[in-house]
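Going by the order they are written in, the chains are A, B, C and D; count residues from 1 in each one.
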């Protein structure tokens, strides 16, 4: 119908983010929506400026993947005054929920919980010393995924996080930090499991473990979050154990909601939660890899 | 004709031409909304660039400002959350703190003869680290006084909003112009940028000037932090990463020489608006992928600098030709 | 003479190692694990490779009174190019050559902007710094380009004579460049250009070509660093490879006692600077502090080292020592009479 | 006693620059401070004004001991100084330079209009009418020199110190400066005057203090001294044959043509000119400040590419598009502003001397260290460079010695055509004679030399031919007997109306 939608994306800091962008563009094209894309390079100030520009341009709706939860009140009010509906993608904001149409996303704390619960079941009653690779210090996913995981292992005294450092969500840092964990924990012999806040860090860590002469997935259990293609490959090789999916297709539900709203003013629910599905080595990792590898991760 | 102001004129001319091109492509670019946004969205950048201009004029550089802005936001948010102080009191405390921080860096630079680049780089790590230690989470600010400030604006014809922070930025630039061009302190700053040894022999109080320059920059970074916290209504330790480089780019586009001693405060305003214009243009266009966004920003930066250099050369040779 | 030049860096490094050993006693342990040395110190040598390699090129650029902010993104570009070539099945040698060529091209671009167009180095390289990551992402299309090529991975995680390949790479590059500078006249000509470009040009030094050459050298070093990082994780991460590493490289050069105002330089000292930085980083990781403290600790340590090395402090210390000696001699004199 | 210095000592690493120096300055006198290059004159002055911290000794102003910690304090005490190297700020306007630190203010802000007016007024006394709103860097060294003097005079409530203020001025400007100085003397100021021009010393000063190797040798009334004894005090020996005596010899030897410049020029810089240089010939360039002598030389050496014209030797056309091309064609050029164009301050004397030679050989063929040392030692001896060793950074040498290092660099390259722009600027009498003798030796060996100098006597002493420039145009050529101070003067000043123009800006 030729509606124009502005998409204020955070940036392209990870493969997952790139996939989200690709899928959003695909979805828009399929539905004949004219998508205006803005990359904020991980900066909230750029995102705010982009939203203001979208308002000044008079778009029909705005998709916002907020870089951080706070600080959106005044710009969302401005959009509301201009009667432009805003849909939040994949992350929440702490503004009042009548400032936006709906939010599509997963519950980051819940993701951490799913990962933690898997590990609790996997180790049973054995002693388990866990090392944790955090995301970028201060970022919402890092904080929430840490909280969720800690919630899940609470009360299980046989599980303990012995080392926790930031790996900045990157493969290289994941590998480097894992090396120092191995170094510090008796060559890795004292580590029973690794929890990584995203798959990229896990993939880096897997290499470090291999180079240290241990078997990732066996000697050290590995659980991480995102479900990007490369982790499925690792799972297929038996080098990773579990991942929690964060689907990059947030735009699909968002456009569904918008189209309903444009058509007859249907108000969607305020939070459309995507599934945080757990994948393990049993879930045909190779097949999952094949279906995902062309999504722009 | 005064040759020293040529870079400034070149900058203004290029900015106007660029704006005209944008307007031809997207007529909405000339709306008061866009103009209002340009001021509001770049208010924090403009303020911090004023401080940066003075530092660069003195022949130095201040890499810490981005982190200091982030620290300021977190500091304000945490103070307002954990104490019952009025925001204005918190602002005063913050400005005192960041000014002292800047002064301390200036002191190190002067007393230990260490390069500004390195001292302020350490300052950048330090301020960001301090912000982390205050709070990792982003902290919302919910004080009623903040809402008043956020809602203070003048509705221009055409629904554009001239907001408080935009006006504050313009006033800061004005103050910066007075300090740089109309005071003895400003003259000392230019002198220092022209050559330390000569400046000393001419009677510049090098130590005092250096400390003051960085203190001023720290103060401006604090002020910019306040503006940023009003702008986003929160404090976040990961905010404004790399803003120091944007500010430096704005100052340079504004015609100030990075080696110090030459440039105009007003040029910095134009430089900031130019950076804003590039951003706005890319959003209006809305077809660039993430990577092309980066490439295009780089190319536009280069084009601006080349045009400026070209225009400068042209007019200089004109002038020289006119003499003979 | 040489030892005297690098003494401050050596002392700083020794003190730092002592400090780290206090918080993490096993720091100096080295064991042999199927023919390769393992231990934190070896890790420092290996992990320090990217910054050390960048520092070699950066030292030359800084000696000419320039600065190269683009090395981080150049790493990303070269890594992306190499990974792309490997993934496309071009084979090892063409991939390496292509990556090095990309680095040289990036350096050439910077050099032309600085030496021919006359843009200030900070700004000229800032432009590539902004653009470069976009170019790298353009090559990888924003994803992490992974590959499986043992030959290429060797550059990241292989060992030769027990030592990791990245360590060999920076050791050899550093030694090679340092020798080239001091055995030929390049070192002096670069220093002369850095101190007074105009006077050097009037004396017949080809300052333009020299300037371009140092930026190309810096680009090549960045390419090597990019290859190491890419080979290490077996994938080109255009978003994060070399992110903010230019700052560490500059820091290394300055900790090495080189002046940002150009002129006299020492590559050896810059390499020690890189080791100092990596020792701090590795030390922080091993010590197991919460990650919020990483930055503050690093900043504080760097600041302390720089303050202790600052020329003013050195001068004051010399004066103090001389006055001590004088008073001691006076005392001896008095006791003799 | 206005100013009295007792037992002033100052050491630099490896150098005892001042050794228990006493110095007295009375109110209402002009006191010359003389000595060879590196004798310690500039150091004495800098210790006095707080630019350097002295090791020991006392300084008293009007009987009260002073110890300025910085130059600001000295200025506040009423001591105005012109340092040896022009030390103003090229990036500030002329007005800002003149009024720096004393800007007239209104409501706490600088009153630009008043500042401009006052600056213009200050310069008028020196016969300078220029746009005070332009950057100082736009003006020649000479004009900057006068501005520096004007500034120092304005700052000097009690003492005025002039360290080689006249080094790049011509006779007319020198006279103007002297008039101002005499006026100040009348008003009761004490003036310290450093110069290597003995005529000026006898002309202007009341008393003389001579330093040698950092020690005070003597203080005497100028009237009680004659030239010979003064030189003896300075050098510690008699000067065998002074410059003047050499002038007659070799004036009319025939010189086979070596180089032809045809129609060389650049718009707005120098009008196209023709010049033929003979082998072994010394061509002098005379002219007022800003008449285009330096520019002519720069065109010939490719510093600024010429827009018109060509150069050739007997083998064919020469390419002079940049300095390297000119060097390849066998040219050499010792520039006028040694600080910015000459020395590479942080490099050692040795490296500075071999720099040009090395650049010509290319980076891949380093000159062996022993050869470098031999060259450096050789020139340090031949040019009498005063230094504690060949590895000393050139920036730490005294002004005159830096000049010698620049000369040494070019001599070491042994060009066939050497351009010397103000070669003896700031060089003491002994070395001055030495350098002029050197020029003769070089031309005897077949080198051609172009000398630019504001010192007419010097031109007369060395030149076989003198070209006179006015208003960026080559206007006259003098040979043989006509090379004499008064003929040159007359040729320079032929058109008085034009003259005024030349000294003015734009």
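Following the convention adopted for this analysis, a residue touches a chain if its C-beta (ideal position, glycine included) is under 8 Å from a C-beta of that chain, and two chains touch if they have at least 3 such contacts.
Everything numeric in this text was worked out from a predicted model, so none of it was measured.
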Query raised in the report: Common contacts of chain B and chain D?
Result: C
Report summary line: Chain-centre distance (mean CA atoms) for chain C and chain D, in whole Å, is 43
Report task. Please work out the Cα centroid separation of chain A and chain C, and write it as a whole number of Å. Result -> 34
Report summary line: So, in whole Å, the Cα centroid of chain A is separated from that of chain D by 71
Query raised in the report: Taking each chain's centre as the mean of its CA atoms, how far is chain A from chain B in angstrom?
Result: 34
Report task. Indicate the residues of chain B shared as contacts by at least two other chains. Result -> 132, 136, 289-291, 293-294
Query - chain A: positions in contact with at least two other chains - result: 12, 18, 21, 137
Report summary line: Residue ranges of chain C touching at least 2 other chains are 137, 142, 292, 294
Requested in this report: Report the complete set of touching chain pairs.
Outcome: A-B, A-C, B-C, B-D, C-D
Requested in this report: Please give the residue numbers of chain D that touch chain B in the complex, ascending.
Outcome: 51, 70-72, 75, 81, 83, 87-93, 96-97, 100-101, 103, 105, 108-110, 112, 133-135, 138, 267-269, 506
Report summary line: Interface with chain B, chain A side, in the complex: residues 6, 9, 11-12, 18, 21, 35-39, 41-46, 48-50, 52-58, 68-74, 94, 136-140, 143
Report summary line: In the complex, the residues of chain A that touch chain C are 12-15, 18-19, 21, 134, 137, 163-166, 168-173, 175-177, 179-180, 183-184, 187, 200, 203-204, 207, 211-213, 230, 296-297
Query - Residues of chain D defined as touching chain C within the complex - result: 301, 303, 322-324, 327, 333, 335, 340-347, 351, 355-356, 358-367, 409
Requested in this report: Note which residues of chain B are touching chain A in the complex, please.
Outcome: 26, 28, 31, 33-34, 37, 40-41, 44, 132, 136-140, 150-151, 228, 231-242, 276, 279-280, 282-284, 286-291, 293-294
